[in-house]
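Listed after this line are the structures, all set down as structure tokens.
Below, subunit A partners subunit B and then partners subunit C, in two separate complexes.
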Partner chain A sequence: MCITLFIILTIAFMVVRLMPGSVYDNPEYSIEIIQALEAKAQLDKPWIIQYFHFLKGALRGDWGVSVKIAPCVPVFDVIKQRIPITILLNIISLVISLPIGILAGTVAAMNRSRMPDHIISFLVVIFISVPSFVFATLMQYFLAFKAGWFPIVYSATAAGTAKYRSMMLPMLALSFGPIATVTRYLRGELIENLSSEYMLLARTKGLTKYQAAFRHAFRNSCVPLANIIIPMFTGILGGSLVVERIFAIPGVGGLMVESVSTSDHFLTVAVLLFYSVISLFTILLVDISYGIIDPRIRLGGNE
Partner chain B sequence: MKTGESILTVDNLSVSFRTYSGIVKAVRGVSFELNKGETICIVGESGSGKSVTVKTIMGILPPSAVIESGTINYKGMDLTKLTEEEYARIRGKEIGLIFQDPLSSLNPLMKIGRQITEALLIDKEMSKREAREAAIELLGAVGIRDPEQRFEQYPFQFSGGMRQRVVIAIALARNPEVLICDEPTTALDVTVQARILNLINELKQKRQLSIIFITHDLGVVAHMADRVYVMYAGKIVEYGTAEDIFLEPAHPYARALLASVPDMETEGRLASIPGAPPNMLHPPTGDGFAPRNKYAMQIDFEEEPPMFRISDTHYAATWSLHPSAPEIPMPDVLRERIRRMKEGGANR
Partner chain C sequence: MTMDTPNHIPDIPQEKFKFVQLDQEIVDSAFETEPIGYFKDALIRLRKNKASVVAFYIILVISSLAIFGQDFNPYTFRQQNPERTNMPPRVPGLEKLGIMDGTTILRNRRLDSVKDPNQFPEGSVIRVFNQRTVRGVEMVDVKVDYYKLVGAEDEYYWLGTDYLGRDLWTRLCRGTRVSLIIALVSVVTNIFIGIVYGAIAGYYGGKTDMYMMRVCEIINAFPQIVVVTMFILFFGTGMFSIIMALVIRGWIPTARLIRAQFLRFKNREYVLAARTLGVGDLAIIFRHILPNSIGPIITRAMITIPGAIFSESFLAFVGLGLKAPEPSIGILLSQGQKVLLQHPYQAFAPSLMISVLMIAFNLFANGLRDAFDPTLRGQE
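Showing the complex of A and B:
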């Protein structure tokens, strides 16, 4: 995990440094000022020296300061401010999409090849293939601008229900993809489990169709589901990069886009690091959860 | 043959599958009866409709299957007319089923114990603790050692034979009167096979079970059967007591099947049945086996043979039994073997 993180960091550093333009590009500064600033941050040296300088700083916990977005503030302090809203948004979307996805997937599987299944499968294809920012823009236009049901952008200053109302659209936009993913996955798993031999055995015991479906097929389908939920979180995080921007939400995603477009390089690297740590952590969680959830893996070592 | 009262009667049962390529007539007018306390074997090759027949009895046909005609009479009820809810009361309680593949018929993610108590708790007559004790007792009864400890384990911690014992325990949990075994030993090693068969016979004695045993293994038939039904292309082509079938097979398919089984005296090439089973998308007219029978007569291809009576217990559907049919010789291997069996007396 540490090695992966190191490689990610290295690549991030190089990509950022290879971008044209200086961190200190500013029409108000003269060439001399820029050169002096660059010399101070060792940016006039070859990139390999810059890289070691950066690593040395990173090891001491000094990741540099933001230049443009919040001048002279350490980069992680900038990110820290932005984290809560992003995490809140993502967790809420996940919480919304799970029950809906599970319900839709179950309905589709139990009515396989009949009308409800066809409708749900059709919607799933749309929701999976259309990216979240398209929904975000469409909803912003139709529901917020035309119909006026929701605020057009997120308002951080509003309190109570108004704040949550302004969060509704971005949450919805972020939920469609995960809902479709859960639905499709659960439908596939359930259909496979419903037609398995142990379902026949469960029914020959005398369980009714629904008892058997719920106690055996549904439970077993939820086990692998647990393992896609965690990586899905990373997926929502990726989606929120753009959606946050559309709804002007001051989150980490927006920060990432801003820092790149204003070439606030230290900040970009730090945000990238934040996303990488979260992704790596979720992968680790998945591996651990396999062992906890599935008895075949949990007990495998004891035999 | 025991002349007990009949407990399950299947009459003229036909089952078809609707598939994309057409209607598959899997079972075509099958009739048989199971008497109290006896074991009947239904023998036939893959695709002859054996499994479909028992799935129909259990009411667990896939949605694409349709019962075209016929009745299944169990204790005065016609099982083909039951609703799903009524069927749920029959399954497990009256008729139990053991599957072919114990490796896939247990829920891999549920503890063995719960899979048994689940069946016991359906009737709502037991508390959870009673069910647990009953389940442990059952596990012991089917020959699983340390049942208390095994109770808490998952299927993957059991060997194939042990899993089949668990499946048997589940099938017997609610004391059914009829036990259907759908090739229960096919997926097991030969040594384990014999133990499972002995267990089934033992449980049959103890619990006065009536058993329908599906198999394609004639060795198993010899071990288990009171009476034998030979099935080919969705029809019963011959039936009789085990002695009738083994010593005086009449239908050419039954003869060919018996001749293809090796024994200690077999030398040279093993006899095989030429050709392939018919495609049930286009079921054959006449005697289904005729295309593979070198003694087939013109009428075998044209008209379906009725059941000819050979003795009170022994019937076969083949035109070769018609009074005006020519004598058809028994295959040499078989004649020789039957002679030895008759000399050896009961040593079959």
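Showing the complex of A and C:
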């Protein structure tokens, strides 16, 4: 994990340093000012020195300053303001999509090849296929603009329920995909487990269909669910990049879009690093949780 | 009395025997059914799956639109017309039904300007509503025939025009073509790299396998967004760098799949037989083992295509898409999204296109998977 982070850092550094043109390409600056600025950021030295300088700064938590979006503010501070709202948005969409997905998957599997199953499977295909930003666009137009049920964009100044109301649409847009993923996965797992032999045994013991399903099949189906949480969470993160922009949410995703389009490279590197840390952390978390959820996969090798 | 024991053979004279089939030609009866091979079998199952048949035709229609669609009307994808900006959609035939008839609602207009024939020519105003007084000025919302308003009664922009007056139908067809090309090329490259990598890792096994798979895991640990963004920042926007950015991480699932297939098949007797006969490694890999995996490979390719289309649109949204004036679905979508509240039609057409395309590819891929491997049916 640390090695991966280090490699990402190095690549990020290379990308920024080897970019054509200067970071400070403001037409209002004279050449002297640009040179002075570059000297201050040590951009006039050979790249290997720059690299060590960059690493040293990175270790000390000094990521350079933002150039365009928030001039002269350390990038870490710029990101810090924006992290909570992004994390909140992503976590909430994950949290609301898990139970809904589990519920829908269970209903579909218990009514296999009947009407509820067909309806749910049909919806799943749609929800999995249609990208979250398309949902966001459509909902913004129909639910917020036409129907007026929700605010059109996120309002940062609102407090309490109004704030959460303006977060509803982005959260919904981000949840559709994960809901469908969980539903599809759980349905598959449950169907496999429901037709296994221990279910027959449970039924012969005298359990009803639902008792057997919930006490035995359901539990076993939930174990591999941890598998898909990683790609799901990174998927939500990716989607939130765009959805944040659509709803004008001042989060890290919007920051990345802005920093890329204004070529504020120090900021871009920092944001990319933020995403790397998040996704590496998720991978680690899931790896650890395997051992807790499923006792068979405990590390330690005491066979 | 006669003894009728089993041993008793009745005395039948020789001449009573005769050969039944002496003149008859004895052959195996021919099978009445056609022989069914692997692909035919899959095709039969695929045809039974109505959803994927429909999806297949949708893909066909969209692909032909992408190829020929921009020649259907006289506009080109980059021709700008400053007098025809943001025209609402108008389609001959459909306009009589009241949809896509070139009307639009202009909000917050002064009432006296609406009555002025210089600004709103005769017959262009359809309905005036929502009359109100704001700071002593009469304001109205007005529904107008926009084509009459700008004096373009004879022109038809099927999906309207964008802020530079470019025809959106032509741009959408062109954009679909670009997105499909990006998706196809990146998927083919992914599959190719994946096959070679996975085949080598799976076939040789041991240390080779272990190191190659570690490399895979390391690459896989990089978040997709980060890799793609950095790649494009570095190499600049363009079709080639977008395709390469999608390839960088995209080949890993294919490589894993192929490796698993090779691990399954490499110890079979027929491989041993081939090796005993002196067949080289390359021939064993590509002629004897790989054809077994053709079904999963095709399925894998189909599943990857929607992902590639999604990634391309995502990049366009982030601002790392193709350079103007080249359109792609994602670029059209992000441009339309910016003017969503004023000109919603500019976002709807690309939204619909990308949704239908993704749904069709997903359904078709599901059908293919069920067709090639019926044991997986009903599971995901």
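Convention: the second predicted complex is superposed on the first by the 281 of 303 C-alpha atoms of A that agree within 3 Å, B and C clash if a C-alpha of one lies under 4 Å from a C-alpha of the other, contacts with A are read in each partner's own complex, and residues count from 1 in each chain.
In the analysis below, contacts are C-beta pairs under 8 Å (C-beta built on N, C-alpha and C of every residue); 3 or more make two chains touch, one makes a residue touch a chain.
Source: prediction; values computed, not measured.
S.K.: Could you tell me whether subunit B and subunit C fit or clash when both sit on subunit A in the superposition?
M.R.: fit
S.K.: Using the superposition on chain A described above, determine whether A:284 touches subunit B (first), subunit C (second), both, or neither.
M.R.: In the superposition, A:284 contacts neither subunit B nor subunit C.
S.K.: Of the two partner chains, subunit B (first) and subunit C (second), which one does A:91 touch, if any: first, second, both, or neither?
M.R.: neither
S.K.: With both complexes overlaid on chain A, does A:49 touch subunit B (first), subunit C (second), both or neither?
M.R.: Neither partner.
S.K.: Specify the angle subtended at the CA centre of subunit A by the CA centres of subunit B and subunit C, expressed in degrees to the nearest 10.
M.R.: 70
S.K.: Looking at the overlay, does A:246 come into contact with subunit B only (first), subunit C only (second), both, or neither?
M.R.: Touch partner of A:246: subunit C, not subunit B.
S.K.: Is A:208 touching anything from subunit B or subunit C once the two structures are fitted on A? First, second, both or neither.
M.R.: first
S.K.: Touch check for A:200: first (subunit B), second (subunit C), both, or neither?
M.R.: Only subunit B is touched by A:200; subunit C is not.
S.K.: Quick check for you: in the superposed arrangement, does A:219 touch first (subunit B), second (subunit C), both or neither?
M.R.: First partner only.
S.K.: Is subunit A touched at more residues by subunit B or by subunit C?
M.R.: C
S.K.: Could you grab the smallest C-alpha gap between subunit B and subunit C in the overlay, to the nearest Å?
M.R.: 7
S.K.: Taking the two structures together, which residues of subunit A meet both subunit B and subunit C?
M.R.: Correct list for subunit A: none, the interfaces share no residue.
S.K.: If you look only at subunit B, which of its residues touch subunit A in the complex?
M.R.: 58, 60, 62, 84-85, 88-93, 96-97, 99, 101, 104-110, 118-119, 122, 154, 156-157, 167, 170-171, 173-174
S.K.: Please name which positions on subunit C make contact with subunit A in the complex.
M.R.: Contact set of subunit C toward subunit A: 218, 221-226, 229-230, 233-234, 306, 310, 313-314, 317-320, 333, 336-337, 340-341, 344, 347, 351, 354-355, 358-359, 361-363, 366, 378-380.
S.K.: List the residues on subunit A that touch subunit C in their complex, please.
M.R.: Answer in residue numbers: 1, 3-4, 7-8, 11-12, 14-15, 18-19, 112, 125-126, 128-131, 133-134, 137-138, 140-141, 145, 152, 184-185, 187-188, 191-192, 234, 237-238, 241-242, 245-246, 256-257, 260-261, 265, 268, 272, 275-276, 278-280, 283.
S.K.: Which residues of subunit A touch subunit B in their complex?
M.R.: 195-198, 200-209, 215-216, 219-220, 223, 294-296, 299, 303
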